[in-house]
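All chains are identified by letter, namely A, B, C and D, in their written order; residue positions are counted from 1 within each chain.
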Amino acid sequence: MKRARVAIVGATGYTGSELVRLLSEHPHAEIGAITSRSRAGEPFSAVHGAFRRLADQVLVQADALPSREIDLLFLALPHGTSMDFVAAQPTDGPPIIDLSGDFRLPDPAAYTEWYGAEHRAKDRLEEAVFGLPELFRDQVRDAKLVSNPGCYPTCAILALAPLLRRGLVRPSGIIVDAKSGVTGAGASVKASTHFPDVFGDFRAYKLVRHRHTPEIESALSRVAGTDVQVLFTPHLLPVDRGILATCYAEPTGEADTDSLRAAYREDYADEPFVRLVEEPPSIKQVRGSNYCDVQVTYDPRTRRVLALATIDNLVKGAAGQAIQNMNLLFGWPETTGLTQGPLTP
Amino acid sequence: MKRARVAIVGATGYTGSELVRLLSEHPHAEIGAITSRSRAGEPFSAVHGAFRRLADQVLVQADALPSREIDLLFLALPHGTSMDFVAAQPTDGPPIIDLSGDFRLPDPAAYTEWYGAEHRAKDRLEEAVFGLPELFRDQVRDAKLVSNPGCYPTCAILALAPLLRRGLVRPSGIIVDAKSGVTGAGASVKASTHFPDVFGDFRAYKLVRHRHTPEIESALSRVAGTDVQVLFTPHLLPVDRGILATCYAEPTGEADTDSLRAAYREDYADEPFVRLVEEPPSIKQVRGSNYCDVQVTYDPRTRRVLALATIDNLVKGAAGQAIQNMNLLFGWPETTGLTQGPLTP
Amino acid sequence: MKRARVAIVGATGYTGSELVRLLSEHPHAEIGAITSRSRAGEPFSAVHGAFRRLADQVLVQADALPSREIDLLFLALPHGTSMDFVAAQPTDGPPIIDLSGDFRLPDPAAYTEWYGAEHRAKDRLEEAVFGLPELFRDQVRDAKLVSNPGCYPTCAILALAPLLRRGLVRPSGIIVDAKSGVTGAGASVKASTHFPDVFGDFRAYKLVRHRHTPEIESALSRVAGTDVQVLFTPHLLPVDRGILATCYAEPTGEADTDSLRAAYREDYADEPFVRLVEEPPSIKQVRGSNYCDVQVTYDPRTRRVLALATIDNLVKGAAGQAIQNMNLLFGWPETTGLTQGPLTP
Amino acid sequence: MKRARVAIVGATGYTGSELVRLLSEHPHAEIGAITSRSRAGEPFSAVHGAFRRLADQVLVQADALPSREIDLLFLALPHGTSMDFVAAQPTDGPPIIDLSGDFRLPDPAAYTEWYGAEHRAKDRLEEAVFGLPELFRDQVRDAKLVSNPGCYPTCAILALAPLLRRGLVRPSGIIVDAKSGVTGAGASVKASTHFPDVFGDFRAYKLVRHRHTPEIESALSRVAGTDVQVLFTPHLLPVDRGILATCYAEPTGEADTDSLRAAYREDYADEPFVRLVEEPPSIKQVRGSNYCDVQVTYDPRTRRVLALATIDNLVKGAAGQAIQNMNLLFGWPETTGLTQGPLTP
């Protein structure tokens, strides 16, 4: 089989380096180019030292991309930059998988509200497909522009979707108390990620106003067929990778743990990357892998459903899911290149 | 002033060593004896190496306690063992501050339900005072038996009390999503605290059945004057010390952040150890100190109140609070010996 | 190509689970059986939860191994147990790669001295090959019994070998100051690996008497053609994986950094898993991979050579190297199944 | 007793905040002023949130210091800035304890060589006393300008001084392999202290050229009465606080562990902050305290002496030692305000 040539646009962040890590093992894809505005001319491994010998190719400017020879573009750019890049692409160009937040909210007004800026690629936004394969697999197959979900949303949506699809819980009053490792904050150096302050610490941040809120609500609303509202609270875990979402919802009728688990088993029976677990899921048991571990349980005392899920934010929450989407786009088996087990302990 | 002589019963755990750390700096108390069943005859510092030179006194068997010369007993014993020890004490003995869970639930039936054993000191249970000074200060002053609150309950109750006291939130449907450092699991070696498995990991545990649930409910019910029900979810944080409780409740009427904060300021105005903060509280900013940092905020979008609090589980959540209770019992200023600032970074 | 069927003897430790992780990705090998004395009858993933779905096969007792159908045995057993297992195998059985320390010291008297027990498989010891491919590749190809090197020795020997092979440093007075993540202490729960004590801590252990000392000396002596003596000091790093060895040696003649680096480049030119670096190597840049990063430098002021190396103790220091040895034994390209990049950050 | 009023010049770093933490507990000193160039006008606790309520005083510009009313100045300024500040002070001003590196090397030429700049306060340099009380206590008592030692030097010098004072080891060929928590790199945000990169990592840095090298040599040379040369290798430990120095030296004559320990006991018999230990010292067992734990041992096999020491780099390695020096200057008992035990676990 001729290998597909893919380009990674934006190389200095963690989603960029994680794409390189995973694509290096992919049997049908090869990296045709990696771009960087600030580090063009240097080898990729000069930016990410761990990749010495594995990925020494020289970074190029985005405008020097050999577009004719590229079969797919992964955009690992900051919010804002990404939509401008997309807007500048020819419509008959190769398909795009965008890992930024720019195309995740179908409604441009929501973008303005939560991102604080006008959307600058509204026509492309209309055709963008939300790339969560477990929910929207069929649409991804035919997409020209896949918007790769955020890390928190991937975790929270997979935890809650079966409940909302079946109307088992009320669509409001849902709590998503989520905790993420620090790579979720990106590779840029900032005060909030200074090691001596984060080590041994734990705290919430961006209470009631994190941008992943409308993304979770938008996807779950489509699943539920009605407006879903969640209160989403992110916390910064003093680890590098991993997200745990602990979700609470109120059942609409009678409930018990066994029937909830049966519903999840039915919904996720054929999902290669969702593992249903009966003990609280652990972020380390998915580290480095594309798995999402999910547990659901019921508390008859307080009449609440608990749904917990864990992912590696850089894999199922970013680069791994992007490759899963690429596999769908190219018609390859969905697990291709994503079979690496968790790195644990 | 003649110094009070106190005894610490049970030396091998972390509450024992933390009591020694804090009492070493207390101007009015001195450690008369420290007991240990398994390590009697050895210096305290042979068990806790960090205390070399600071606390080299020899551990004695509990039955060798010089009771006549002891003015107060701190019990740092496991659940179950503690109530047997209390039952065996003469009623005219020195006051007792018990750090176990044995005397925290006023109703012995609740003890049986959550601890899985019959309570064996019911008469002493009746007189036990729940030693959370911010709520029950006056009763502590006259107590013969103070039951020192659990770590999670201290944090959750201080986060939620102003809301429930004033009827600002509904007494059911409350979520306490709490995260604790590993010292909360004790000094005994166990599989769940093996370093390679906990490092880089994060997970919930004991869903819907943790023993601190009825303790939180019992104290908040007294505050509210009505039955309060909480869904409490503990998580294991990969750090040594610190608890963050993220609490969610539904307002009974109109609400906004400003008026909620005003209520908290009023309730906690004179509390030396409660600090109201306007950014999400951090566990490291209370590390090693007796502070409890509390933030309350309102989400008008989802109509939910968020109350967050952090403590050091071994200080305000155990040994520090025990000393605060001792200060009350002896009529000393409540902050005596507890003025050490947080160790941060 | 028909896949080779391998068996893993001993499943509960970290070398066992790491072998499963890596073999799952190997194109030419499949796991025919995994044994466990204590957990036989349970699925592998019941012991190592992260491997749910990836490795759910049922563990068997070692004496139930289908030996006829097994092409190679990996022994992931404790010291002592391993030599008894080997002694009980038929001499015409499948080749064995032993990951314990039992066959690493050619001289049985050294075994007695450092392991405190008589060697119980001396005839097999004679034929055992020290499986460090970078030094003894040719012998491994024809071996019946490969003794997989220890984690510290792998790191220290690869750091120092070029210096000793060429007589560039004196064979005595060599210091190996090494630091290892806690997985090096194994999966068994013990006081020294209790999370609250190790978190935020760092200390040396087993000063001047660690069993890896004679293993380092033995291999380097063969390389040097003369007796080499090292002072080896292990330290416990509060991380899960990774070893850094910082080595000091006295040059025999004139020295400078450039010529030292040239020597290393020459020796390691064709080594797929040794990466020469010019900045101090990092354990995270090899995490999860089979790489060994090596730096050499010279201090003209004090006239000392510094050689630093990092590995992942569970990969190049254990399971990865074992698979590298399997590849040699079966005549496959040495990197087969070992091309996964480092998991970083 | 009238309290001494001290000023802290430079408030945004960790040595500044640690001085505040410790001085808050000092019975004879009070903080008269804290300065900051960049944050003047804000409360100290706005910079260091953990100090809310403990230290809310407003920061002032250094030129607004009420010098008449200040009895002592602690300088917590960067290298270079500090000597300019000292040069500008009147010679009859209050005594100064400088925590920067500017006055640690008696020879201005050494300053130029290792700091890459001309010394700009040479006359004050001449009178500066190296404030390591265990070695130079008598000179500190009468000093006008105390140069507080660096963190690594404090640890290494205390580990090695008894050996060199008595001529027990050769003054060259000494190795100091040291490991420090990340607070040693300061409070300023930089790429090398980005949490995701440091977490789970470990590496050496500044091989053979760290500025603490001449500081260690200078102090040990004075102790030895001859030129001492050390090869110093710093490593970055993924923890917040703590230094372990593992030192290697060659004995000049016969040696054994018992007699070495006897020498250390003799030298450190009356030292309140040096604890001799017989097991490898632990950084967590000194965390937050002014202790330095020291172990010496001998390896008869390789004929080398090992001396290991641990400190908290921000306490005995910075602020605690500065207060110890203040106590000496003012004639107070040396342990005043420094009796807090280690925070452990």
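Here, a residue touches a chain if its C-beta (ideal position, glycine included) is under 8 Å from a C-beta of that chain, and two chains touch if they have at least 3 such contacts.
This structure is a prediction, so every number in the text was calculated from the model and none was measured.
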Discussion item. Looking only at C-beta pairs that count as contacts, which pair of chains has more of them, A-C or B-C?
Written reply: A-C
Worksheet item: Looking at B-C, C-D or B-D, which pair matches A-D on over half of its contact pairs by residue number?
Response: B-C
Practice prompt. With chain centres taken as the means of their Cα atoms, state the distance from subunit A to subunit C in Å.
Written response: 36
Response to the item:
CA centroids of subunit A and subunit B: separation to the nearest Å works out as 39
Worksheet entry | Between subunit C and subunit B, distance of the C-alpha-averaged centres to the nearest whole Å | 46
Worksheet, complete the sentence: Contacts with two or more other chains occur in subunit C at residues 14, 183, 187, 196, 199-200, 238-241, 282, 284-285, 287, 345
Worksheet entry | Residue numbers on subunit A that touch subunit B, as the complex places them | 172-173, 175, 177, 179, 196-197, 199-205, 207-208, 229-231, 233, 235, 237-242, 244, 246, 248, 250, 280-285, 287, 297, 299, 301-302, 304, 306, 308, 310, 345
Worksheet item: Which bits of subunit B are touching subunit D when the two form their complex?
Response: 14, 17, 20-21, 24-25, 48-55, 183, 187, 200, 240-241, 275, 277, 279, 282, 284-288, 293, 339-345
Worksheet entry | Complex contacts: residues of subunit C adjacent to subunit B | 14, 181-183, 185, 187, 189-191, 193-196, 198-200, 238-240
